[in-house]
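Got a structure for you, written out below as C-alpha cells; questions coming shortly.
Chain naming follows the written order as A, B, C and D, and within any one chain the residues start at number 1.
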Amino acid sequence: MSKPAVVIDPHFRSMGEIFSTADRQRLTEVVDVVWGRDEPMPVELAREALADARAVVCSGWRYGPVPTNVRAILDVSGAFPADLDYRACFTQGTRVLSAAPAFGPQVAEMALALALAVSRQVVDGDSALRAGTEKWLHAGNTGTFQLFDQPVGLIGYGSIARNLRELLRPFGCPISVYDPWLADGYLRSQGVSPVALPELLSSSRVIFVLASPTMENGALLSREMLEQIDSNSVLILISRAHVVDFDALTELLMARRFRAGIDVFPAEPLPADHPIRSAPGTVLSAHRAGSIQEALWEIGRMVVDDLEAVALDLPPQRLQQAQPELINRLVRYR
Amino acid sequence: MSKPAVVIDPHFRSMGEIFSTADRQRLTEVVDVVWGRDEPMPVELAREALADARAVVCSGWRYGPVPTNVRAILDVSGAFPADLDYRACFTQGTRVLSAAPAFGPQVAEMALALALAVSRQVVDGDSALRAGTEKWLHAGNTGTFQLFDQPVGLIGYGSIARNLRELLRPFGCPISVYDPWLADGYLRSQGVSPVALPELLSSSRVIFVLASPTMENGALLSREMLEQIDSNSVLILISRAHVVDFDALTELLMARRFRAGIDVFPAEPLPADHPIRSAPGTVLSAHRAGSIQEALWEIGRMVVDDLEAVALDLPPQRLQQAQPELINRLVRYR
Amino acid sequence: MSKPAVVIDPHFRSMGEIFSTADRQRLTEVVDVVWGRDEPMPVELAREALADARAVVCSGWRYGPVPTNVRAILDVSGAFPADLDYRACFTQGTRVLSAAPAFGPQVAEMALALALAVSRQVVDGDSALRAGTEKWLHAGNTGTFQLFDQPVGLIGYGSIARNLRELLRPFGCPISVYDPWLADGYLRSQGVSPVALPELLSSSRVIFVLASPTMENGALLSREMLEQIDSNSVLILISRAHVVDFDALTELLMARRFRAGIDVFPAEPLPADHPIRSAPGTVLSAHRAGSIQEALWEIGRMVVDDLEAVALDLPPQRLQQAQPELINRLVRYR
Amino acid sequence: MSKPAVVIDPHFRSMGEIFSTADRQRLTEVVDVVWGRDEPMPVELAREALADARAVVCSGWRYGPVPTNVRAILDVSGAFPADLDYRACFTQGTRVLSAAPAFGPQVAEMALALALAVSRQVVDGDSALRAGTEKWLHAGNTGTFQLFDQPVGLIGYGSIARNLRELLRPFGCPISVYDPWLADGYLRSQGVSPVALPELLSSSRVIFVLASPTMENGALLSREMLEQIDSNSVLILISRAHVVDFDALTELLMARRFRAGIDVFPAEPLPADHPIRSAPGTVLSAHRAGSIQEALWEIGRMVVDDLEAVALDLPPQRLQQAQPELINRLVRYR
C-alpha cells in the first residue's frame, strides 16, 4: 500500500520539540512526509502540496481553502486554528483536530501540585524556615488541611479535568462539576455530580478552574461568584484567567478571604507592580503548568497515532476533534 | 454482656485531641472507661485499675509490670512504649499496639506534596514571581519534570509507604523498595521491586525516605550513599533524620548535587544558623507532615475499632502490633 | 427556553421497555415529545412532524429524506439504521447515533460468565453431579485453569471490549487486541497490545470474539485461523457468528481441538439437528448475552442523556456516532 | 551467613505439587533443607531434626512437643494443625502458619464463576440448547439478572472474601459483611458494611458463604435464617457446608424458594441419591473451587517467601498466622 502524503509544517513548534526520535521514525513509516522542517513552509508551496495531501500537521491555518482531499487537519499548537473555514470542513468531512489533550497530564499534575502546596502550606512553611520564623509541628499547621475526602469542584470537564480526576482518585474526594457544554446525564455517567456554579463554589473545599475560554465564560467567576467561596477553601486557577474577574480575585486574596494557587494571568508577563505578586496564602506560578519540554513529545505521539488512523482511512481517536456545535463558541487566539 | 474495663490515660495527648465526638460516644458504648481524663492518671491509681482492666490506652508505659488480665496496650503517642517489659507481654499474650498507622495518610500526602513542590519547582516559581524575577512558560521550567512514569524508590515499606503507593498509583511509576525488615518475596507480592540501597539511590528519580529509626539504620544514608543519587533526582526526607548523615546531606544540597524536600531534622527546633536553611533547590518543612489536628482523630477511630475487637476477645486489626523479632531493634525514644 | 420537539417512535421496541419511569419523566422535562407511543408512527404523520423536529428517536429509518433541522437521529435498536442517506446526514451535520453501547456491560458480563464457565468447567461439573458421575476435588479439575494472569485476546475493541477489559482488570491478564479499525498507537494508548490475528489466536489462553459484522470480516475466523488456537485455549464467541466459519468451528469443537463458549449462531433459531448442540467442552447460549429486560433501560438513560445535549445544542456523548469512514463498511441488517 | 536448617515434610502433599521449579531453587538458596521428600518423614528422625531446626514445613503436626528453637511451623495442608500444643507455641513465640491464603484467588474466582452461572442462567441455558428446548433472546432470560450494582452479602471476611471483593470491584456492588470475628469498625475501614446476619440475608441479591468452620457457626444458616433470603436472590455456598442446615437448604431449593451455587457438601462424596442432585435453579460443583493443581504452587511461593523472613529472623507476612483468641474456636479436622 502506498503511503499517503501528509504536509508536516509545525512552525512555531519545531520537529524535534514535538516528535521524539522514535515517533519521528514511526512518522516516516506511516506517511509520506511533505516538508517536515522547522522553518515555516512557504504558503504557495504549501497550497500546491495540499492538492495531493491526505492530511496537514500545522500550527494555525494560513493556507486558504481546504481541498476536499485533505481528510484531517492536526493543529499542534494546543488550540484549534483561528483562521479556518470550519463550515467547509464539516460539510466536506475534513476532521479538524487539536493537540490540547496532550497537555492534560502535565497540567493536571501541576493543578494537584498547587492544591497540595496551598492546602499543606508548603510554600509558607519553606519561607518561614528560610526566614527563621518557622513554627514546629502542630503550631506550624494552623490552616493546614488534608485533601482526603474533601469535596472538590471542577469548573470545566475536559481533558485536564479527566486527568485530574484520576490523580484525585486515591484521595477519595467527592467531585462536583460545572460545565455548561456537557449534559447532566453524561456527567453523572462519569461518576461526578453536575451542580450549578454558585453551589459548586460554596460547597467545595478545593475548586479547580479548568475551563477553556469561550464566548460565554468571560469573567464567569465574577466578584459575586468569588464571594461564594468559603474562607477555608482553596481556588486553583489553571485555565484560564479569561474566566475570572482578576481584579476582584486579587482584592479578595489580598483581604485573605480565601486561599489560591494561580498559574495564569490576564496579562503575561504580569506587570511588575501587580498587587497579586504579594498576595498572602497564595501560590503563584508563571504559566508553567503546560510548558514542560518532555511533555511536548506527547503531542507528537498523539499526532502519529492519529496519522496511522488517517492513513488507513479510519477515524482518528487521540486528538480533540472540533465539533460544529461548539467551535464558534470557543475563543480562538491568533 | 458486661463491658470490659479499659484504662484510658492518653496524656500527653488529650481526650478531645484524639477522639472525635462520635468516637468518644462509641468508646463509652464499647468499654467501661476508667479515668478517661486529660491529666496524667496518678500511677498508684493506675496500677490499682490495671488489676481489673482488659486493656490500657496510654502514651508510653509508666505503670510497672503488666498484669496478665491486660490483653492489649494501645499507645497513642505514635510509637511503641519505651519502658515496657516486652518479653513478658509476648509470653503472656498481651498485645502491644502503636497508633503509628494513623499517621500514614497525612504523612504520605505531605511526601507527595513535597515531591511535587520540588519536581514542578513550585516554591522557586512562587518566590520568583514575588521577587519579580520569574521566567514565563518553558523558560521557567528548566529543571522541572513530571512524576508520570518516573522510577520511584522507597526506603522503608511501612504504613507511610503503603499509603504513598496508593497516591502514586495514577502516576504509573515503577516502585523499588529497600526495607531490610521485609523479605524479597513478600515485597514482590506487593507489586514492588526489592533492590539493594545503592541501586535504589542511583536508579530512582524520586527517593522517599520513610524508614523508622532502628538500632541498625543510623546514618544509613551516609555521604557515600548520598553520592549515588543522580543530579536530576529528588530526595524526600520524611522519616527520619536519624537515617541520614545530615551534615553530608547539607553539604551536597548546598553544592546543588541533587534536590530535596525535608520535613525532619537532627535537632528540632533547628539551630537558627543551620546552613540547610538556605539550601538551593530544597523545600523545607518544620516537621509538619504528621501534625495536623484533624488527623489525630484517626488515632481515636483506630483505637476504638481495636477496643471493639479486644472487648469481644478478638485480635485487634488496625493499629500496628509489636513483633518479637523487631521490637528491640527499634529505636525507642523516651 | 422552549423545549425542542423530538419525535419518539421506538417501535419495534416499546416505550416502557427502554425508558424507566424516572427516565420517561426526564424525557418530558427535556424535550417536547412527539408521538411517544408503542405503535409505529404512521409514516406520513412522521414526515410532517420531522419538519419541526430537532431529533428523532427510532428503530431503523423509514421516513425518507432527513430535513436539515433534524440534528440527531437516535436509533434504539442496537444498530445503525439500514435505509438512511448517511452522506446527506454527514454533509448537513445530522448526527446518527446507535444505542449499541447500552449493551456493553451486560454482554461483557456474559462473556466473562461464559469464559469462567468453560475455564472452571462449571457446566460439565454440574452435569456430572446430576448424572452421578462427578469426580471430587483435583480429580474433577482436569482441564480446569484459572483466569488470573492468562494472556487474553480480544477480536474487536468496541464498547463490549472496553467493558470486558474493566471486568478482567482484577485478573491481571495481559490483553492483546486485533481490530483493523483502530490504529496501533491508539490501542497502545489504551494499555492493550495490538497484534496480528494469527498471533492473537495462537498466543491467547482465552480469545473473545467481540467484532461487529463488517463487509470485510465475514468468516474472518476461517478454518485455517481457527486451527491456530491452542488445544488448552478457550474461544468465546459473543459477537457475531458472521465473523466465523461456523462449520469449521463446529467440526473443530466436535473433535475437541479446543474449548468454547458460544452465544451467537449463523441461524437463529438454530436447526434442531445442528451438530454443535452436542459439542463437548462447549457452553452454549441462545443469543442471551444482550437481552436482559432491565438492561434495556440503559438505552433509555443514554437516549435521554444525549437528548439533554441535543436540546442544549451540544454534541451528544453517550451513544455511538456513525463515522463517515466506517459506516458503509458495516453490515447493516434490515 | 549460614543458612538455617528447616524440616520440609509436606506429605500428604508432595514436593513437586507445592513447589514450582523456580521456588524449589529459591528454597535451597534460602534455607538448609532437611528431608524435603515426598514420603512422610519418620517421626523419630523428625524429632531429632527438630532439635536443630529453625522452622518446619508440614501437613499437620505429628512430632510431639515443639522445641523452642523452632520459630515457625508452616502447615501446607490449607488448615492449622489439629494436634499441636498452641499454648506452648504462643508462650515461646513459635509462629504457627497456615497456607489457607494460597487458596484465596482460585476459590474467589470459582465463587464468581458460580454466581454468574446462576445469575446469567448459564447452565440451564446450555442444557436447554442441548435438549432442543431453548428459548432465544429475551424469552430465554426470564429470571436472568446482571451483577452490576446488586447488593452483595459476604458471610465471613477472610482471604477468600478479600480476593472476591477485588473481583467484584468492577461490578460496583455495595458489599455487606457478617463476620463475628471482626470488629465493625475494622470492617468499615475496609469499605464494607457490617450487618447482622438476618439483614444480610434479606437484603442481598447475591450471598456468598465464605466462613471457616468454627465451634460457633455450625448450621448458622438454619432453616429460619435461609427463609430470610429473597426469592430473586442467589446463595453461593463455597466454604463450608458446616455452616448450613443442609437439609433445610435442600428442601428450600427443591421448592424453588431461591437459587444457589454449591461447591461443598456435608458428606463428600455425596450420596448417590441425595435430592440436591436434582435441585432446580442450582449449579452444583464437586468441591472443585480450591483444587486446581497449578494453584498449589502458590502455597510453595508463599512458604518460601515466609522462610526468607524466618531465615532473616523477621516476622513472616504471607501465610495466615494462628491467633490465640481464635485458634481454639476453629474446627480443626484431623
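Assorted remarks:
Heads up, the rule we're going with is that a residue touches a chain if its C-beta (ideal position, glycine included) is under 8 Å from a C-beta of that chain, and two chains touch if they have at least 3 such contacts.
For clarity, every value in this text was computed on a predicted model and none was experimentally measured.
Distance between Cα centroids is largest for the pairing of subunit C with B. Distance between chain centres (mean CA atoms), subunit C to subunit D: 36 Å. Subunit B and subunit C have Cα centroids lying 50 Å from one another. Looking at subunit D, one finds that none of its residues touch two or more other chains. A ring topology is adopted by the chain contact network, closed into one cycle in which each chain touches exactly two others. Contacts between chains, counted with the stated touch criterion, involve the pairs A-B, A-C, B-D, C-D.
By the touch rule above, subunit D contacts subunit C in their complex via residues 105-106, 109-110, 112-114, 116-117, 119-123, 125-130, 132, 134-138, 140-141, 144-148, 166-167, 169-171, 268-270, 272, 277-278, 283-288, 291-295. Interface of subunit D with subunit B (complex): residues 26, 90-93, 180-186, 188-189, 301-302, 304-306, 308-309, 312-318, 323-326.
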